[in-house]
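Got a structure for you, written out below as structure tokens; questions coming shortly.
Each chain carries a letter (A, B, C and D) given by its place in the written order, and its residues are counted from 1.
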Amino acid sequence: MKRIGLLTSGGDCQALNATMRGVVKGLSHNLTELEVYGFMDGYKGLIYGDYRMLTSRDFSGILTKGGTILGTSRQPFKMMRVPDEKGLDKVEAMKQNYYKLRLDCLVILGGNGTQKTANLLREEGLNIIHLPKTIDNDIYGTDMTFGFQSAVDIATEAIDCIHTTAASHNRVFLVEIMGHKVGWLTLHAGIAGGADIILIPEIPYDINKVIDAINRRTAEGKGFTILAVAEGAISKEDAALSKKDFKEKMRDYKYPSVSYELAEQIEKKTGIEIRITVPGHMQRGGSPCPYDRVLSTRLGAEAANLILKEQYGYMVGIINGKVKKVPLGEVAGKLKVVSPDDQLVQHAKLIGISFGD
Amino acid sequence: MKRIGLLTSGGDCQALNATMRGVVKGLSHNLTELEVYGFMDGYKGLIYGDYRMLTSRDFSGILTKGGTILGTSRQPFKMMRVPDEKGLDKVEAMKQNYYKLRLDCLVILGGNGTQKTANLLREEGLNIIHLPKTIDNDIYGTDMTFGFQSAVDIATEAIDCIHTTAASHNRVFLVEIMGHKVGWLTLHAGIAGGADIILIPEIPYDINKVIDAINRRTAEGKGFTILAVAEGAISKEDAALSKKDFKEKMRDYKYPSVSYELAEQIEKKTGIEIRITVPGHMQRGGSPCPYDRVLSTRLGAEAANLILKEQYGYMVGIINGKVKKVPLGEVAGKLKVVSPDDQLVQHAKLIGISFGD
Amino acid sequence: MKRIGLLTSGGDCQALNATMRGVVKGLSHNLTELEVYGFMDGYKGLIYGDYRMLTSRDFSGILTKGGTILGTSRQPFKMMRVPDEKGLDKVEAMKQNYYKLRLDCLVILGGNGTQKTANLLREEGLNIIHLPKTIDNDIYGTDMTFGFQSAVDIATEAIDCIHTTAASHNRVFLVEIMGHKVGWLTLHAGIAGGADIILIPEIPYDINKVIDAINRRTAEGKGFTILAVAEGAISKEDAALSKKDFKEKMRDYKYPSVSYELAEQIEKKTGIEIRITVPGHMQRGGSPCPYDRVLSTRLGAEAANLILKEQYGYMVGIINGKVKKVPLGEVAGKLKVVSPDDQLVQHAKLIGISFGD
Amino acid sequence: MKRIGLLTSGGDCQALNATMRGVVKGLSHNLTELEVYGFMDGYKGLIYGDYRMLTSRDFSGILTKGGTILGTSRQPFKMMRVPDEKGLDKVEAMKQNYYKLRLDCLVILGGNGTQKTANLLREEGLNIIHLPKTIDNDIYGTDMTFGFQSAVDIATEAIDCIHTTAASHNRVFLVEIMGHKVGWLTLHAGIAGGADIILIPEIPYDINKVIDAINRRTAEGKGFTILAVAEGAISKEDAALSKKDFKEKMRDYKYPSVSYELAEQIEKKTGIEIRITVPGHMQRGGSPCPYDRVLSTRLGAEAANLILKEQYGYMVGIINGKVKKVPLGEVAGKLKVVSPDDQLVQHAKLIGISFGD
């Protein structure tokens, strides 16, 4: 007999349901008694005791379903220690709800911020297992997060569609891809979509080099250029600003995102018409791709395995093709970014993709 | 023996290649001798004599290929009568190239603007067949244009992706769909994607009614609302402005499109976070959907049929399920817009979709 | 206040849920009181009183979901008048359950067989509305059935996949497409997929002409040939057999389907390797395509409209682009088959597709 | 200046073109002079000197294109040493063509059989680089082959479609998935598609255990069961036969494949109707998935890298996320099969999937 809690926190992504299904199938197949409590809308549900009891039936047919049956919300880590407007101590509230339900383990699905809170709860003495969810693939301690490949698929499809139309016109096309701090998604989708220029936060760009790359294509008789640009792409000038100065610049920023500013610059400097595509939240939605479903099922099954063996305090990750437990305390709060020396970046450059650097 | 010219003009879309394949397969299967001249980049190729001789092989394997193997460009109709910068009379130039190649017929694929020029060339004595291409489905004289259903598929997929992520958060999501003057695409994709609110150019919206519709959903416990908004959606206030006043307003418009202004208003008035998705040119790209491939093949085959019978001066359209020739002079320059009384609008309202009117 | 029953019968297909959602949204948006009874597994649920009361919530989020939330089963029309093994008169049982629940109307989604039973119930005095569901598009009185376009999309995708692999090898590929009695699905998917040969039940084939068409392609240097073959494709010889003789032939038939026999003949006569693909029930599954979702929503909304106006005894169909009510008595039992003179067949032949006739 | 040859051999798959594009882009971006010779239809082109000179333009736009622009054919390794019908020594012929064109390196894309011949040519003194292509992922020395994930996607989609239709009926559905000797594809697609039973060549099944698994689902009130069955799935009885006895059994085998025999047994023993789906060559076709495009581009780029450094005699593989060169002599002829102890199999069993063992 086990009592487990489940919650999904942070921006949603594909395969959250598939992962929870893996956990619950893994447990229910190996236990005669199991109680599953699903907390609603992320940590909020745990704080305010908003939960539903779930049965195997709730996890049937959700392998392919995007989103999360539990709902989710963003709860910034730094706010966790701050009492809510009614003076409630959130951390204490979470602990009380955990103990009131006599949970054996709380399984938490989320990204970096979520992971920090998960680790906090672990330090407070709760049995925690964390499952690494994010379309950004920026979680330290695992080679891959679920949601990432599905987002790559959608972002690539966006570039694919642009590609066929681009090839009929003489224009520059810019596809803005999710990722404020890390560029894995843009990097993979950019390569998969055959983008000519890829701009990511980790490699600040020089606008003149971007223009050069476009002009070079024009000179070679290639009628169009496609840019895959991360939301968090940054120019060398902006990257050189102090945090304070950059914030100031952004305060009165007239563009919805850096893509629009960049597009204006390119249009001005090359005279070529430019079109912007912003797939936005599409990248978080839809059915998880088969790759993610297998990964999610494995991570979920391994979480079940750990619960059966009563091993807590871990993130379940995949390292060199093997699913493994990783001590939560060792990885929480660390970010996995793209190194400019990464072999993938080097391969991209080798085949002529410009990073504007 | 026939000599035919082909050109694709205006914004590109899916199934241009499929349609040309239909024409050429239809002819080459029924003629022992055939010469096909493909003019490059729309009317530009015809004006400046930029063409390629094409063989059956060029049309093999392009049924599923997006874009156009001939390239395309926009040549505004009102500029056709204006000599180019070197003083060249464009209409005369087109006629000369037509006669120099001793064409039996020029097959022109394009939308409304293209059609007007096609009709002009017909009036000038050329043998013309026009094939109705556009993702907007706004061509008078045919129930359906090729490209439309493929664009519906992509715009719907965008809403689908948003739907799964929306259902996990409490937010308003706005998907901006192509269509500056007509709302067919937004209407179909909005219904197919299960949008709650659909805003199209033909039905100006009252911002308060849009807000009401959002609040009603919140009151019913539905955590999210999805808006499908045409690029050309317009508020009742703006619709009431004179053309001049509206132009003035737009001159210093600080938003990339009306969606961003609308989003700002909604966020301010409801306090709910809003997210914008702009699939943009994705809607013109990718492989044509099977529906469009069948339609295109039929329209192309019928064009071949007319050429074999030496019947010129027509658009080939589909009316009540039958492919038919329509005199070009009768339809050129007319627009097919969404009537607020259209049965499809009525059905959408019947199931509770708000048009903000 | 209305009380309505819903049931889905026959082989399942896409957009059953979307259609029911249209009906219920249309009613609940316009009535303050509504009771919906869903009968399980087709007529079986109506016969044996197996039903669930449904609320709006049950119809939320099912627009994109394949299958049917009510389940379905096949109940041959000719068995309806035969008492069941316990002596129960099925027709009487259905009527009693209808009256016991004091239904205002029973909405029945299904194909030809289902329609016949629906008409029988109408003749017995029940208020019936029938909605035309089938991937075969063989229902008389409507230009289009829901499910058809979605099935076309899947069958076409199958041919598309085969196409890319076929083009790399020198082989013949046969794709077996659903349709025992009618060839609409094979015809549309065959054209959309660029098949070279299309064999359908309505146009019996001559094996020698099929071989000729393959050899012609080989002679033209085209390395591969793709056949789209309906399950019910039939040779001229078999078509000439009496019903009794044909049945006898089939009794000891050693092939899983005619495709395998045909493939064996082709391999023997041409010496070219042949590969068979059988997408089978895939064609009934998956999410409905946007076209079907719009069609389904409209048919469902119009059914709601009729119920609100208390007009019963109709099928809701689409004719020349308008959704209309069609007296059930006028259409029940009639089949809509492909005429060899159909314009679509003529267009296919015009571009060189062989029907083996 | 480099002169390289390219050939694709064996059954085709997705991403062959993407991989060749990676090689050529990697070289042309880093060399001022490059000559590329594409041998047609696999080793056949090398043997008989059938080649085309290719330019960068030939590799433009093929990233997303399935199949291979060079064509392919199967040339059994054991036949390579046997002279052809005209007495030509094939190995000598290949060497002569290699030397005649003064190639610096021959890049060979293919699976296990292809690899053996590639190694033979290396032993004969040619400069060879092998790139691991196969939907089976059974090549020793690399964690992943290109083509595999794309095939997983298609096979999973097949199961997905079946899933929605299965859930509406009470039936058993069997999806036959490619893989005569190894089960990776069936294993991944089976898990990703939510199959209940997975049968693969490496884990012979006991028909009674398969029946038990089906009956257990029926007993639990789950109306349907889905089996993912590899082409090479084998019963414990058949696995116990001597090679000779098995061959004899197969000689008069009346079923198109083992799936049909298995289906007959299940239907007989459970009384439940069963439906078979055979996606077949669909699994080799279509556009490569984004995962494969990134992998292919990297493998191709690394091949270019090796050529630039004049390092020959390697397969380029991916091991623990890094692209690496692997000595061809160390891996040629070895097969990578699914171990029953593989962590993925264990995870599948943990969540209740039956392997019939």
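Worth pointing out:
Heads up, the rule we're going with is that contacts are C-beta pairs under 8 Å (C-beta built on N, C-alpha and C of every residue); 3 or more make two chains touch, one makes a residue touch a chain.
Not measured: the values here are computed from a predicted model.
Counting hops only between chains that touch, chain A reaches chain C in a minimum of 2. Chain A and chain B, compared by their mean Cα positions, are separated by 35 Å.
The distance from the centre of chain B to the centre of chain C, with each centre set as the mean of the Cα atoms, comes to 31 Å. Averaging Cα coordinates per chain places chain B and chain D 41 Å apart. For chain C, residues touching at least two other chains, in rising order: 160, 163, 167.
Taken pair by pair, the chains that touch are A-B, A-D, B-C, C-D. Against chain D, in their complex, chain A makes its touches with residues 22, 25-26, 29-30, 61, 63-64, 143, 149, 152-153, 156, 160, 163, 167, 188-189, 191-194, 289-291, 293-294, 297-298, 300-302, 304-305, 320-323, 343-344, 347-348, 350-352. The residues of chain C lying in touch with chain D in their complex are 8, 12, 14, 16, 65-68, 71-73, 154, 157-158, 160-170, 173, 223, 254, 256, 260, 275-287.
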